[in-house]
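Shared between the two complexes below is chain A, which pairs with chain B and chain C, respectively.
Now for the complex of A and B:
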């Protein structure tokens, strides 16, 4: 049973990271209707920045500074490269974000150097006993950080004036604009928030491990998470991320014994299988908004 | 009017045909692609002609960039040194003009290869096993000799590939023989990536385990720190005495660190690409120092052989990294082949391939054991079967210290190399 709970802890820990990344995708999608493929680069940038900052300041301060810096970077990127494309087909903008991802990663890779780098987190690989089950502290840190950030995000959207403006712009941009909502600022803020979330996710991935230039690949796990949760649902992004993490971890632990005929690494494709199963029953994802088109 | 149009057309046809022959450009001899009578760009010897070599490496966003960049830099320094020593057969060697990035993508690798193949005599570097596999047929049909930047046993069977050092397969056989000699394991698990990096090493480990009568199982693991959970579970559950690890450095640290956090105390021997000195600062460092050894085809950067010293001198002040060592070592066989072809007065692709088959030994300036670099025989006789073992050490420049000098274990010595190992896993 210990193995089961350890697998659950790992799944929820990794799932928390997928959830943070998925939230970034969804926030940008809701405000601009574009799936931004630049998220992996922002994730890598955040982690690499902390490897430098942590040598100078406390890890937690480095984490906050890194999130703010990457948020600013994302905001700048949106203003310079994406804003001029407003009104153009979303497919074109999505392709631009793919290019941005590569450009930013090439630049960030230059700062990684020849050796793997460390984020300097305080918990490393230490474990803590939870009801008799040894659980790595890093997974608890991932889960707790994500819970705090999700709570803050939901409070922002629910209780602040600008959060309301963002919800209005997400619902109908033209009407929101007519009501005085600064839609351009909404776009910029959504990119900044997504950048900050990705940076935190990158740092959490590097905690207890190392940072190298391949770290960005993890961000792709957020894609099945947002589809199965619902592309326009913040709650769906969190649920999707956690579900992907859990399924992936449990399949990795038990599949080789229970269904060896599925091959050695079925866990890698399990999030996509889960996504397909959900889409068969709910084509807009678990919490996505069904689109009605009048003909 | 008609005669004017005719004159213009005739002039145009003449211009195109003459420039197509290279008379105007003057940058290549039609008989030998990549060999020109004109000096190289920034030539050391202005009166020498130029031999252009291509390099296709992982220079920007691919997973092996941290190795590929120093490999490429070391090769530039290696050939610059050759030029400073007078060049080869009246030619300087250029490895700077046709350097291309493959992003570790086989399609991109093939694409950039097609771009440069008509302009180079040979390839000073083709990085990666799957990437090189994408161009191997063309290399053979075009008779383009290439130095690989990978150690798969498949290269022992290709005439156009000038491999150096033991393959992952042989390295893992030696690792198991070393383990049996020193800490006597009863069970072995290979944790490996898919493909002819991981599978080649795992196949070697399988052969080693069978020869030493150890129990064996293999766990294929995908890339990515978040994907190592299954491998960690398998190690913790199976409790093998020895794990042969064939992953990248960060995944290796994830596996070692997390398995240790869950109580695993067995030993690891990782193939050379599983190491990076930055791991000594990682949270997994205590476990790595206690449980990990590295197997390697040649001695690290800081070793005192004439070749290592020449490399360090040529590179100047750099952050020590065994990517440099590898790039330097891999260049020796191509230098030997070019010298042989020049001596045969056949500096052409045909002539270079013929020269390769005449090489029975390469002078690695002490970086490889004497007798290494036999390209005249078959795969079995030509394959290098020595490797060494190193342990993590903070005091060393690349973070590892050799504890067992180059040796050939009984398994590797007796092994019949009749096909690439990875097919036998």
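Now for the complex of A and C:
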């Protein structure tokens, strides 16, 4: 049983990372109808920045500073490279973000060098006893941080003036403009939020491990997560991320015993299998919004 | 208050839609703008409110002045802050949001006075108040139109641009909307009312303009327009000769008649 709960903890921990990244994708998509592939780069940038900051300040302060800095970076990137493309085909903009991702990662890699770097987190690989099950603290940190950020996001979208404006702009940009909502600021904010979320995800991935040039690959797991949850649903992004993490972890733990015929690395592809299964039943993902219409 | 001067608007750099439109909306009045489908009424409103950009449209000549200040180059947010609000054709409420969230959005530029304005709008539209917590998409067409107007009032506009508020509504509902426009005007808001329903518009307007294929072809006090034979014939469906296809044709026809006699 211990093995099972440990696997669940790992799944939820990693799943929250996927959720943070997926949330960034979804927020940008909802506000701008652009699928941004620059998330992996922002994630890497956030982690690397903390490896430098942590030498100077407390880890948590470094985390916050890094998230803010990457948010600013994302905001600038949107303003300079993506905004002028408004109105161009979605495909073109997606390719541009793909290019951005590579450029930013190349630059950031210059700050990693060949050695691995540490984010300086206080927990490392320590475990804590949770109802008799030893669980790695890093997974709890991931889950807790994500829970906090998700709660903050939901409160922002539900209760604040600008959050409401962002939701409105996502539904109907022209009407939002007619209400006096500055839609440019909505675009910028969505990128800044996605950047900040990705940075935090990157730091969490680096905690208890290390930061190297391949850290960004984790971000690819966010893709099955968003498709699973529905591209336009925040709740879906969270659920999708957690589901992907859980399935991956449980498959990794049990598949070799229960279904050895599936081969060695089935855990790696399991999120995609899950995604396909769900799409067969629900083409818009689990939480893709049905349109509200009077009949 | 609002003065449109010799305005020319082009979509996608090539489609010329307004060809030198001039129009005045004096403070405190209701001015009606009539015109057939495709005449350019909505385009004119967009040029005033700053929404042309979204449609890849552009003012290529002329100007829109608000109290003497040019506003046709300003982004919509600025125009709203200056007190000009457009209620778009087809209501365009946020169907997925609640009624009250729609109203809160209307107050985006005027958040300080949210509570007072909510009270004022709920006072004007008791039905909307009853439905405040409901998803706006489930309101009836008339209720949605009221919500759209109420939402615009949330920023306390000086000038309200209404684009076919009676579109698709039953006669009873049209009367209600008409009375509300009168009441809003009485409370101090100037109104530019775009309508196909000329009877309704001219009944409450002080002055009327007729727009046809991008040009103002008539500009008279509303009462005179109501009496005008051509208007009666084409817009009110009260004329004797049913064959006329557009206001222009009516005019040509009349000219020919004069020439014959």
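Quick notes on this structure:
As a convention for this text, the second predicted complex is superposed on the first by the 289 of 295 C-alpha atoms of A that agree within 3 Å, B and C clash if a C-alpha of one lies under 4 Å from a C-alpha of the other, contacts with A are read in each partner's own complex, and residues count from 1 in each chain.
Here is the rule we use: contacts are C-beta pairs under 8 Å (C-beta built on N, C-alpha and C of every residue); 3 or more make two chains touch, one makes a residue touch a chain.
Please read all numbers here as calculations on a predicted model, not as lab measurements.
With chain A as the common reference for superposition, the partners chain B and chain C occupy compatible, non-clashing space.
Legend: residue contacts after superposition of the two complexes on their common chain; A:125 is shown touching chain B, with no touch to chain C.
When both complexes are overlaid on chain A, the residue A:214 reaches chain B alone and has no touch with chain C. Taking chain A as the reference chain, the count of touched residues is higher for B when chain B and chain C are set side by side. Look at A:181: by the touch rule set out above, it reaches chain C but stays clear of chain B. By the touch criterion defined above, A:265 lies against chain B but remains apart from chain C after alignment on the C-alpha atoms of chain A. Look at A:205: by the touch rule set out above, it reaches chain B but stays clear of chain C. In the superposition on chain A, A:165 contacts chain C only, with no contact to chain B.
Minimum Cα separation between chain B and chain C in the superposed model: 38 Å. By the touch criterion stated above, chain A contacts chain C in their complex at residues 87, 161, 164-165, 167-168, 171-182, 289, 291-294. Interface residues of chain C facing chain A in the complex, by the touch rule stated above, are 49-51, 54, 56, 75-77, 80-81, 85-86, 88, 92-97, 101, 104-106, 108-109, 111, 135, 137-140, 151, 155. Only residues 60-61, 63, 65-66, 69-70, 194, 219-227, 229-230, 233-234, 237, 248-250, 253-254, 257-258, 260-262, 276-279, 281-284, 287, 319, 321, 323 of chain B touch chain A when the two sit together in their complex. Those residues of chain A lying in contact with chain B across their complex are 3, 6-7, 10, 14, 17, 102, 105-106, 109, 112-118, 121, 124-127, 134, 136, 205, 208-215, 217-218, 221, 248-249, 252-253, 256, 264-265, 267-268.
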